[in-house]
Every structure is written in C-alpha cells, then in structure tokens.
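Letters A, B, C and D mark the chains as written, and numbering starts fresh at 1 in each.
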Amino acid sequence: MSADGTAVRLSGTWFGEALSAHARERLATIAEAHRVEPGAVLVREGAESDRLGILVDGLLSLRVTVAGRGRATLMTIEPGDVFGWSAVVPPYRSTSTVVALQPSEVIVFDAERLRSLLREDDALAATVYPRILGCVSRRLVATRTQLLDLYARDREYEPW
Amino acid sequence: MTTPMAEERDLEFSVGQLTRVEGEGRLHLSVSRDGRVAAQLRIFEAPRYFEQLVVGRTPDEVLDIVARICGICPVAYQMSGVHAFESLAGVSVDPAVRGLRRLLYCGEWIESHALHIFLLHAPDFLGYPSALEMAADHRALVERGLRLKKLGNRLVAIVGGRPIHPVSVRVGGFYRVPTAAELAGIREELRSVLPEAVETVALVAALETPVADRDTRLVCLRHPDEYPMSDGRIVSSDGIDLAPGEWREAFREVQVPWSHALQARAADGVPYLLGPTARVVLASDQLHPTARTALEATGLTLEELRRNVFRSIVSRAVELVHAIAEAVDLLDAYERPARASVPWQPRAGVAAWATEAPRGLLFHRYELDDEGIVRAAQIVPPTSQNQAAIERDLELFAPAVVELPHAAATQRLEQLIRSYDPCISCATHFLDLTIERDR
Amino acid sequence: MATPRVGVVKMASCDGCQLTLLDLEDELLALGERFELVEFPEATSRRSDGPYDVLLVEGSISTPEQAEQIVELRARAKLLVTIGACATAGGIQALRNWGDEPAWRAAVYPDAELIESLAHATPIHEYVKVDAELRGCPIDPGQLLELLTALRVGRRPQLPDEAVCLECKRLGRVCVLVAGGAPCLGPLTQTGCGALCPGYARACYACFGPREQANVASLGRWLEAERSGPGVDRLFAGFTGWAPPFRERAGRAMSGFGTAGAEASVPADGSDGVDDER
Amino acid sequence: MVTAGGPVFLPRERLDALLDLLHEGGRTIVGPTVRDGNLVLDELTGVDDLPVGWRDEQSPGRFRLVPTGGSRVFDVVNGQMSPKQFVFPPKQPVGTMQRDADRAVRFAATPPDPPRLALLGVRACELAALAIQDRVLAGGTFVDEDYRARRESALVVAAQCTRASSGCFCASMGTGPEVRSGHDLALTELDEGFVVTAGSPAGERLVARLPGRPATPAEVAQAAADVAAVRAAQGEPVVIEGLRDRLMDQLDSPRWQEVADRCLACANCTMVCPTCFCTSTAISSDLDGTVNVAERQWDSCFNAGFAKVAGGNFRPERSDRYRQWLTHKFATWVDQFGMYGCVGCARCITWCPVGIDVREELAAIAPPTVPAEQMPARPAAATPGRFEVVTLRGSHHETPDTTTLHLVPSEPALLAGLPGQFVMVEQPGFPSLPISVSRFGPDELILTVRAAGPATAALVAEGPGAQVGLRGPLGRPWPVERALGRDLVIVAGGIGLAPLRPVLDAVMANRDRFGEVVLAYGARTPSDRLFTDEHAAWQAAGIELGQIVDRAEPGWDGRVGVVTHLLDRRDFSRRPTIGMVCGPERMMQATVAVLRERGVAPERVFVSMERHMQCGIGLCGHCQMGPYFVCRDGPVFSVGELGELFGKEGV
C-alpha cells in the first residue's frame, strides 16, 4: 500500500485521528500495512520488540504462557489500539504475545526506525508518546478492574 | 503415677470418662490379690483458679464470679458467698428478702434434683444410656421430669433473672425484687405439680435397687425451725456441732496425687457424706409435712436411706417435694419488701459461711482488707467433700462387680458414683492454693 | 430433612452452656427426634468420636490435652460452633492470662505432674476455625434454639450483633446509665440476653462480650469523667475481658488487683494428706 | 355552665374528673408516671399515678428526677419514652406463614387490634412528632395499618410546657413551645389548676362536660405568659435556614470522623427519638421449617446489619452511620417528606450515653449560611404490598452458581410487572429476600438468582409444586418508554443482565419502535454468562451484542477485558441515546463515566442500585440512600437524580 494510502488508513483510527498532517506524513514514511489471518502471531512474549503496531480492523489478543497452565489471554485489543508498545520503552522486550483472533488489518512501524524518527523530531514525539501512554494506561486500569473480580460478588446468604 | 500398692497390684480396672455427671472425671480401681480394692476417682477437669480470680474484688463482684464455678448450682455459690459477706458486715436483711433468697434456693433445688432424678439417674435403674432413649418407652416419666425441672428454672429466673448465673443477688439484698403479680403465675403452677412430685417419691422408692450396706458419717446444716438450706449450724451424725463459719474447726482439705480436686476429710481423716440423704436423715423433723408424709408412705426407714447409698434417689425425691411445698408456702406469704437492699459498710476480717447446695454443704471463706476487698479465698464444694466417701464406697462395693463383664461392671460403678450426684465442675478450682502451700 | 449428628463437648467451663440444651424443656424431646445426639457426656452414656455434622464446644482451652483435643475434634466436625463466653472469649478463667505476675505463675507451674495447665486460657478460635458462635455467660436458650433450627433448615442462624441498648429500649426500660449513673456496658455489648441486668436495675457487665464497633475508648472516657469509686478498668475485667476490645483495660485492672499477696487458705496439714491416705 | 369553645379553668383537685371522662368507653389512659424511681410512660389508673411533685434535671448524657415539694403534675418536661412507644410499638407481630402437609403455603397477617388510647400530657414537640409519623407511616402510597388504627382511635390531651429542659430546642424547630394543633385538649398548668382549651370537636365535647368554670382573662393571660417564657428559657437556637443544603454540602466534613470517635453507635438516639421509624422484620421458624412467625421491631441505622447486603456493608464505619442519621433528620427527610425529621425534644441529647449534643454537631458541621428552598417530597412508586402465593413450576441452572426459577402466580396482577422491578420472596424457614424478575411470562414469573444459597436450594429441593410467598412486583422500572424511537445502549455486568432481560424482551416485541440497540455484556468468565441460548435470537433481531469476560477460558476466542472496552471507542452523540446499566456499583460508575464521555448525558443514563431491601415498600428504612428509599423510589434511578450520591462511600 502507498505511504499516502497508509496515512489515510492511519488517520481513520483512534490513534491516528487528529494527528497533525506533519506527524501523519512522517509516520507514513515508515509504516507498513498488513492483513493477517486468525492465529497469526504479531509479537512474541520475551522476544526483542522489533515493531510497534496499530490495529486498524479486527481483533487481537494479548497472551502470556504460564508454565503448567498453558496460554492465557489477558486482554483483547480493539481497533485503533496499539500493540507492541515495548518497542519504544527500554529494554525493548515484549511483555506479551500478540495473536490475531479474527482476520485483522494492522499498521506496523519498524522499531529502530520509529525510535530514531522520534529522537530527531521532538514535535512528532510530543504527539505520539501521549497516545501510546494513553493505550498503556487504559490497559493498566482495565487490569486493575479485572483484578477486583467484581462479578464474583453478591451472594443470597453467606454459606456456613 | 505411682501408688504405694504398685507391687501387689494384679488387676487393673478403669472406667473411661464418667457420663451423666457434671464435669469430667475417670475412675481407676486397683484390685489386689487378696481382693482388696483401691479406688481412685480421677478428676481431670481443668483447674480454673477461682480463689485467685476473686482476689482484689469487691464482695458484689465476687458473687457474680463464684456463680460461674458451677452452671448447675450457681445460686448455692451466691448464697454461701452473700451470707458470708453479710455475717462479716453485720448486715441483717429484710425478712421478706430472706424469704426470697430461700425461694431462689428452692428453685435451684427443684431444677437440680429433677434433672438428676429423671434425666441422669433414672436411666441407670431402668437400663437406658440416656433419658432421651428412655423417653421412647417412658415418655410420660421424662415429660414429668422436664415439667418439674422447667418450673424450678422459671422460679430462679423470676427471682434471679435467669436460671443459670442469675444476676439479682447482692450484699444487703437484691438489685430488684419481683412484684407479687410477677410471682402469681408460678405459684399456682407449683401448687398444681406438687402431687406429681409426691408420686415421684413412691415411684423411685419402688425402683429395683441394688443392695449395699455400709455405715457412714453424715454432715449437713441444722436449723431449729427450718429445713437446712442457707442457715443453721454444721452438724454430723456423730456429734459435730459448729457455727456455719467454723467449718475449718472440724474439717480440712488434703491433696491426692490422682485428682485435680482437693478432697476434704474430718479432722480424724474419716470420710463423710453430704447431700439429700444427710439432710433428710439429720433433719427429717424439719421436712415439710407433705414431704415427710411422702417419705413415710414408702415404708423406707431413715437408717435404710443412710446405709444404702443407692437410695439417695429417694432422698432427692423427698427434697424435691419439700422444695416445691416450701416454695408454695413462701409464695403464699410473699409481700414485696419496701427496699430491695439495705446499705452496708465494708469491714476488714474473715467472712465465712456454709449453705446447702443441692449436692450438700458448700463452704466459703474470704479474707477482706479494710476497703472490703477480698485478699484470699477458700471454697469447699460438696463434691470434693464427698470424694473420699465415694472412693471408700467404691472400694467396698467394687469386689462384687469387678468380675462382671466390663460394660456391666462399668454401668454398676457409674450408677454408684451417680448416687452422689457429683458435680465435678465445682470440685475443681483450687489446686493453685495447694501448690502455693506446698512450696 | 436431614437428621444432623450432633456432638456436645466441653473444655474448661462450668457446664452451664451445655446445660442450656437440657434447659430447653419444651423442645428437648422434639430435638431428640430431629437430631442425633451422638456425643454428650453430661446427658448420655452413648459415646462417639465422630464424625459430627455439628459439634457444640463449651469452655476455653486451658490444658495441653485440650489444645490437642480441639484440633482432632475440628477435623471430625463438619461445623464447629462455640457456645458461651469461655469458648468464644476465654471466659472468667482467662483473667489468669495476665499471669506474668509471679504469684500467678507460681500458682500454675510448681508441680506440673499434678496439674496440667497452660499459662493461658483462650477461646477456641485461637486454635481452630469456628463456623459460628453463641455468645453469653451463659448462652441464651432462644439463640440456641434458633441455631439448631437454622442447622436443620439449612440456613444461617439469625443472631443480631447490635448493642444491648436496643432491646433495653424496646422493652421500655429506663436507662440505668443516664438515669441512674450505673456504669453500664450495654452500649458496647452484643445483644442476646434480653437486656437482663438493666431489667434488674443493675449495670450490664458484658457477659455477651463486645459487639462490632465497640467504642471502648469513648465510653471509658465518659465513665471516668462521670463517676468516682472503683475504677473503670475493672468493669472490663469480667467474663469477656480477654476479648480484644476489652483486653487492654482488663489487663490494667488485673495488674491492680494485687493477687500476688494471695494467702493460702488450705490448712497447713493438708499437704501431707497423700501419706495419710496410703 | 361552660360557654362552648372558650377556655375553661379546671381546679387542681378536679383533675380526676378529666381522667374519668378519658376512661369512658374503656379507653386506656397513657401518661407520665414514676415507677421504681424512674419516669416512664404507662397506663394511668388515676390522678395519683401522675408524677406529682417531681421535676426533671437534664443535661447531655444525664437525667435525674428531683422532688419539688410542690403539687404540680406536669413539671417533668419529658422523659426517655415518647408516645411513639404506644402508637408505633417497639415489637409488633406481623403474621405467620405455613406450609401444610399438602405443600400448600398459607399466610395469616395479624389484623390490627389497637387499644383505644387516651394520650395524656403530650407536649408540643411530641404533637409535632406525631404529625411527622402521620406523614411517614400513613401519608404515602403504602400505609402502616396498625399505626393508622391506633392514631385514629386515640384521644390526645396535650400539656403545655411551663419549663424547658437544658436540651430543649423546639422553638428553633418551630414545633413549640406553644401547642398549636394535633390535640383534642390542651392543659396549661397554673398554681391552682389548669386552663383547658379544646383543639377538636371531640375536645370541645369533653370541655363542655368538665366540672370547671370559664377561665378568667387573667388566667388565660398567665397561661400564655408561662408558656411563652419557655421560649426564652431555651438555649442557643439552632439555625434552621438552609440547614438541608448546608448539611448536604458537608458530606466530606472531617467532623464526621471526630464525632464518630465519641459515638458508640449504640442506637439510643434512634430508640428514644419520637420520629425514627426504621424497623426490621425477623422470622422465627419451627424445627421443621414449615412455619414462619414474623415480628417487626424497631431497628436503627446505627446497627451493622442495617445497611448490609450479601456483598458487604454500605455503611461500615461509625462515621458513615452518624452521617446517615444526622443528614436524614435534618436534610434528606426534607426531600422525602417535605419536613424536618427532628422536633427539638432533646431526647437524643439527654439519652446519649456519652452526651453527644446534636445542636453542637450541627453548628460545627453545617454553620449557618444562606437560606435554601425546600425540595418537594417525591412520589412513591405504586406497587402492591401483600404476600401472594406462587407455585414453583420448575428451575434450572443458568450457570454453575446461578439458578432460574419459574413461578406461577395465583394472582394475575403479579404478571403485570414492568422491566426492572423486583419481588420479595418468602418461604417457610427463611427470611424473605428481594429477587429481580428476569422475565414476565404469559403465565409465569421468572426469577434468576446469583450464587443461589440455602433458601433457593431449599426451594429447588422442594421441587415443582412447591409454594412460596411473593410480594410485588416492586420498585421503579426501567424507563423503556423513553427509549422508544431512540437508540438504546444496555450495559450489563454479571448477574446484572437478569433485571435487564425484560427490557430486551420489550425490544424484541417491538423491535421497529426502537433505534439502534446495543447490548454490552461483561461477565467473569465465558461460562458465567447468562441466557446464552437467547443470544443468537437477540442478534437476529438486530440487537448488537458485545461480550467481554474478565478471565478467558480454553476455547474462548472472544473479547477479554472490561465491559467499558466495548464502549469507549464508540460515538453515541450522533443520535439521542438512552443508557441502561446494571451490575456491581463500581462497574456502573466506570460505565457511566464512559457513556458520558461518549455522548450520553447522565440524565439519560439509568442505573439499578443495590441496597439492603427488607420491606420493599419504603416503610422499614433499611435501603435509604440520601433522599431515596431504593426499594420504593428505585431501584432504577437516572444518574442525574443520584447526583453525587452515585458512587459515594458510606451512603
């Protein structure tokens, strides 16, 4: 897909909406759009994070593998959301495995190139980092809520 | 544990935890080659240190604390205590208050005697493990027992607040005295069950009773014009005659290694028997006419009651009649005292008194300082005084049964022990004092 | 409907709470038909060491034997219910737990062969899990019946945890504290007794123990400001003094009782009784 | 003789004549009397029972009777008890429920059988308290029949105050000292006797028969002056202007904690209060669980169990409970009933064991500022209040810990409920409990219960044919009509889907009358989801179903996360949208925040609140939340209505 085409797809996402034209163009230069099928692994837990991605359409799952318990999906990612954010946070190692649950369309940025781009363009960094942080904090808040196990409540009577 | 007889012992006989008695005890018999039996009533009820618990307390606090020595006869503990403190402080209570206290005591006698006769002891004579099983074949009998027992409880509850650990007794009188209206109902109910109690005497006298014949010394209170309860002198079948505070003049406590309870002995070391039989025999002339008539109707002599311990259930039934009859008389005469209690001043000195718990003489002795605070205490419950007599009687009675199958022998020996209505919970709580003495 | 296997056992206690079961005179026979009393030494010679559907435990743990026993019993009981102040709070004998005083220790330890006793008398829940508790010294017959009914029906018993004051006011009794100046612990004490003591014109002495939210500090401050005479601490050194909310003040009172000076009351010749006998 | 209507002077020695008149027709006269040294309210047999020659000495936490040596009858201002003790008894049998051998259940409500009372010596503040109770207990949709019967048959003879106790502040509350209304007779005590005035036709008939003479102008003036003097005798006034708003603005005041350090939460203030009306109904069942005997008794918001629900206690701290009590008396009572809940009788001050003075706390927490307008009392939702017998047709497990019950009512009205309403269910052996209706069938009610406990287990064990008692449908329903022609977003968490299913049924029945309908459903795990067999049908009908779970299970390839993830990237601002949210309170808060952000105004978002419901008809007080009784005014509220109460701790 052409850089322009990618920029357009990008602006259609929550991540890309309201990005300055400048920022969209700069990002488009290193963006690649892909279609992936269910089961495709986009990021592997523990591996070096070589890419940051944005889900344009479809559904991805964040998985971890627990010895003895096998793989567990911690959370799913909705269109517009970011995956592989560890690509811009030292030590650049993935914290979970990202697997497509549905036929999905993603835009990915090469980690090396994205980091150098952000290093040399403060304005770009200033608009991109808050968006990434937004996704991370949203995920953190959700995780806490899951920990609260709210639906486990309400009993008719306490058992003996 | 070693005993001097260890070498010659050739048969050991043990009964596990005694049942249908209050508290926890075991029986251990050693039978020697020549057939002599050494009996040990092993009381392993956990010590609770009541003589220590009352130190530093005011007399009124003590009355609430000592009630907790026994859930079956809390009134007895409050009565011995309150009379001891009032005798020291020189308090004379309103006659109506004195009557109410007797009424309270009657209630406890009715409850305790009915409980023992119908629920704990009768199953021995009729051959059941418990009253609940006995009820399958003798429902009316058990229901009668519950009916009488309940009235005793209600009487204590109306006068004292509740059947177990009542709250109304205080030095100088009561915290609150009931109105005549509050007592009206129970009076009629007691009157109406009196015939049932009278029948009970005949009924238990007719029970097939093991034969046991032995001489024994009896001890109880005796009062010129009332049945022994909370006042009078300590007398024995062989001439002891003491003021209720002078128990220690003729008796002492000794420690035996196999028991958590001290035993009491007369100065000469001879065991003695307390309780209904002692009272009925030594104070038969003070029995309520209804009770005396009921006893005479059985044809049993006082001597038979004294010599055959298994007859104690008859004495208990006679006292059940007496307590109900006297309660009715007291209620008929009741007028609410103007004042529930009279003021009093604490005084330093020794406060000592004995009253008649359902099971027998209960002696309290307190040493008070100038502020009226208890500095030392001695409490001698009936069961610890009966222990020696129980062991002696076991030694006399056991040879006849130890050869029976274990279950049968156990049943017979337990029946004997139950004849004393032992309250083991009461018997245990003063080892700490002995220990102190030993050091 | 189930016929639960019931056991009734005691530790260190006065037997009053288990007697309360026999004091349910009107219901006793009906209970006998609906529950299987498999262990109840005070009432039956039949014995059973379990398993129990429910085990009623009276008394506090005060000997090493009891400490082991209660753990075994717990293992054999589906439900373990403690009954009474001794089992739920340690009872009056728990006042000896301030036994760091020389006289108390001396009283307990010199001859361990004769007396088996722990330094502390403590509630059952300090040793094993407890499923429900009936408060009181003694327990209330009505609450015992409610417990047994709930057991049989299979619901949780309705045991209110409110202050004694509510029942006192419902019964139209005039406050002995406000109108009489009596040092009443009713406001801190769990209900269940039917506001018994105020009904007999005397202060509640907390035999049902502290309720939730027992504000000991506030009432203590008030009583100390309001009254003279015997100290306020001793009010808490009663039948539930070992219960945590009361413990601190009870402890202060115990140190003031000066039990160290306790005299032996047994005659001097008592000690050689053993030799007399054999 | 006596000129009709005018004040009459009754000589002290003829007071017996008044009591004789009151006794007529077998009335029980209830008034102040001294028993065992205490002042109580009880039956009076004659004049001698009155507290002649006594007066009270009161201060915070202290009450004493002291002899005056005089012969006055009404010098004791007031004691611990108020007429509430007799018109709203502390313990009241409610009725019985029984399951017969044939498994049929029967209810027998205890019919009101009130004594005919004559209340003697009622003070101005107590008259005001009776007026408040009339409003609360007999002035709404649901009426306490026993209370109404007692009030209607009672004669009220007021005694004007000529003394004030140290705590009195009736003047501030506008309830006294003068007796103005609510009485049949009013007595003002002078040295030689009483100036008697009538306050009702019945009173006038009595006055006419009194052996008195017309009061002289001097006596009338003296009487008025003595009463007026009481106003001056009262201490620092409590500033009432704007009190409601001042208090509600101080829900976070540090003083709540400070007073909680002194408060014992012993409930004495509520027990002695002449207007507190909270009750609990306890059942006692027989050994076989076939008979329930229900008794209602005074309860208090200071008790731990009062605001407890299965999941926890909404007011765990003493500070929460004191705040609840004080704000109810002086703020939310106004919202509920259009009047204050306090009459200034000072009982809560005198009879507090540690002397907490409500006047001081009010001044410290809500110092006087600007006046505020009163909020109107809100209308009660109309629903039936009596138990009906229903029969269990069947039951099945929705999930491992959720059970659905099919109940066939004998009373068709039960089927006429609306989405979101609940029912009170009672069966022998168990207290009654609220259960939301998950479907109103053509001939059956369908209830879905989470984590079914012993009560449900017992009912299920009874099997088909088992009968239970049921009251309802109760409470305010979801405003389905407001969603007609609009978009509707339904957000359910866990068991929260049950009370929302009737909404979905309504949508399915009239699909074309609604716009876009979105159902966002969050569950603990995939196997905890309810009504999975109906999901396909919902989707087929064009309901957009989004599901998400906290924890995935093997084989689950759906969404994992929190329910807000299904919403927080959407835009609801394009068309008017109604939101309906039901689930744990925390989940509802998060959802409401997201909906607001995504374009649904709080006024258009509705939530179903959980509180401890017991009577279900707004009479027992357990489920109070700010100005509302959740059972009666809710459980469904708009987030706008709840305002800052929504998600506030300890309310």
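Going forward, contacts are C-beta pairs under 8 Å (C-beta built on N, C-alpha and C of every residue); 3 or more make two chains touch, one makes a residue touch a chain.
Keep in mind the model is a prediction, meaning the values are calculated, not measured.
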{"item": "Shortest chain-hopping distance from subunit B out to subunit D", "value": "2"}
{"item": "Centrality ranking, top chain (CA atoms only)", "value": "C"}
{"item": "Contact pairs, highest-scoring chain pair", "value": "B-C"}
{"item": "Whole-Å gap between the CA centroids of subunit A and subunit C", "value": "61"}
{"item": "Centre-of-Cα separation between subunit B and subunit A, whole angstrom", "value": "84"}
{"item": "Distance from subunit C to subunit B - Cα centre to Cα centre, in angstrom", "value": "24"}
{"item": "Geometric centre distance via CA averages, subunit D-subunit A, whole Å", "value": "51"}
{"item": "Residue list for subunit A, restricted to those that touch at least two other chains", "value": "157-158"}
{"item": "Contacts with 2+ other chains: residues of subunit D", "value": "36, 453-455"}
{"item": "Numbers and ranges of subunit C residues touching at least 2 other chains", "value": "155-156, 201"}
{"item": "Subunit B residues touching subunit C - in the complex, by the definition given at the top", "value": "1, 3-5, 16-24, 38, 44-49, 51-53, 55-58, 61, 64-65, 68-72, 74, 115, 119-120, 123, 129-133, 135, 139, 142-143, 146-147, 149-150, 153, 161-165, 167-168, 170, 174-176, 248, 252-257, 260, 262-263, 265, 269, 340, 365, 367, 375-378, 411, 414, 425, 430-439"}
{"item": "Complex contacts: residues of subunit D adjacent to subunit A", "value": "309-312, 433, 449-456, 493-495, 522-524, 528, 548, 550-552, 554, 556-562, 564-565, 568-569, 583-584, 586-587, 590, 610"}
{"item": "Touching residues (chain side subunit C, partner subunit D) in the complex", "value": "1, 27, 30-31, 34, 146, 148-149, 152-156, 158, 160-163, 165-166, 169-172, 174-175, 177-181, 184, 186-188, 201, 211-213, 215, 217-219, 221-222, 226"}
{"item": "Of subunit D, residues touching subunit C in the complex", "value": "36, 38-40, 42, 61-65, 79-81, 85, 90-91, 261-268, 271-272, 282-289, 297-300, 303-305, 318, 350-355, 429-431, 453-455, 457-458"}
{"item": "Subunit D-facing residues of subunit A, complex", "value": "14, 38, 59, 61, 70, 72-76, 78-80, 101, 138, 142, 145-146, 148-159"}
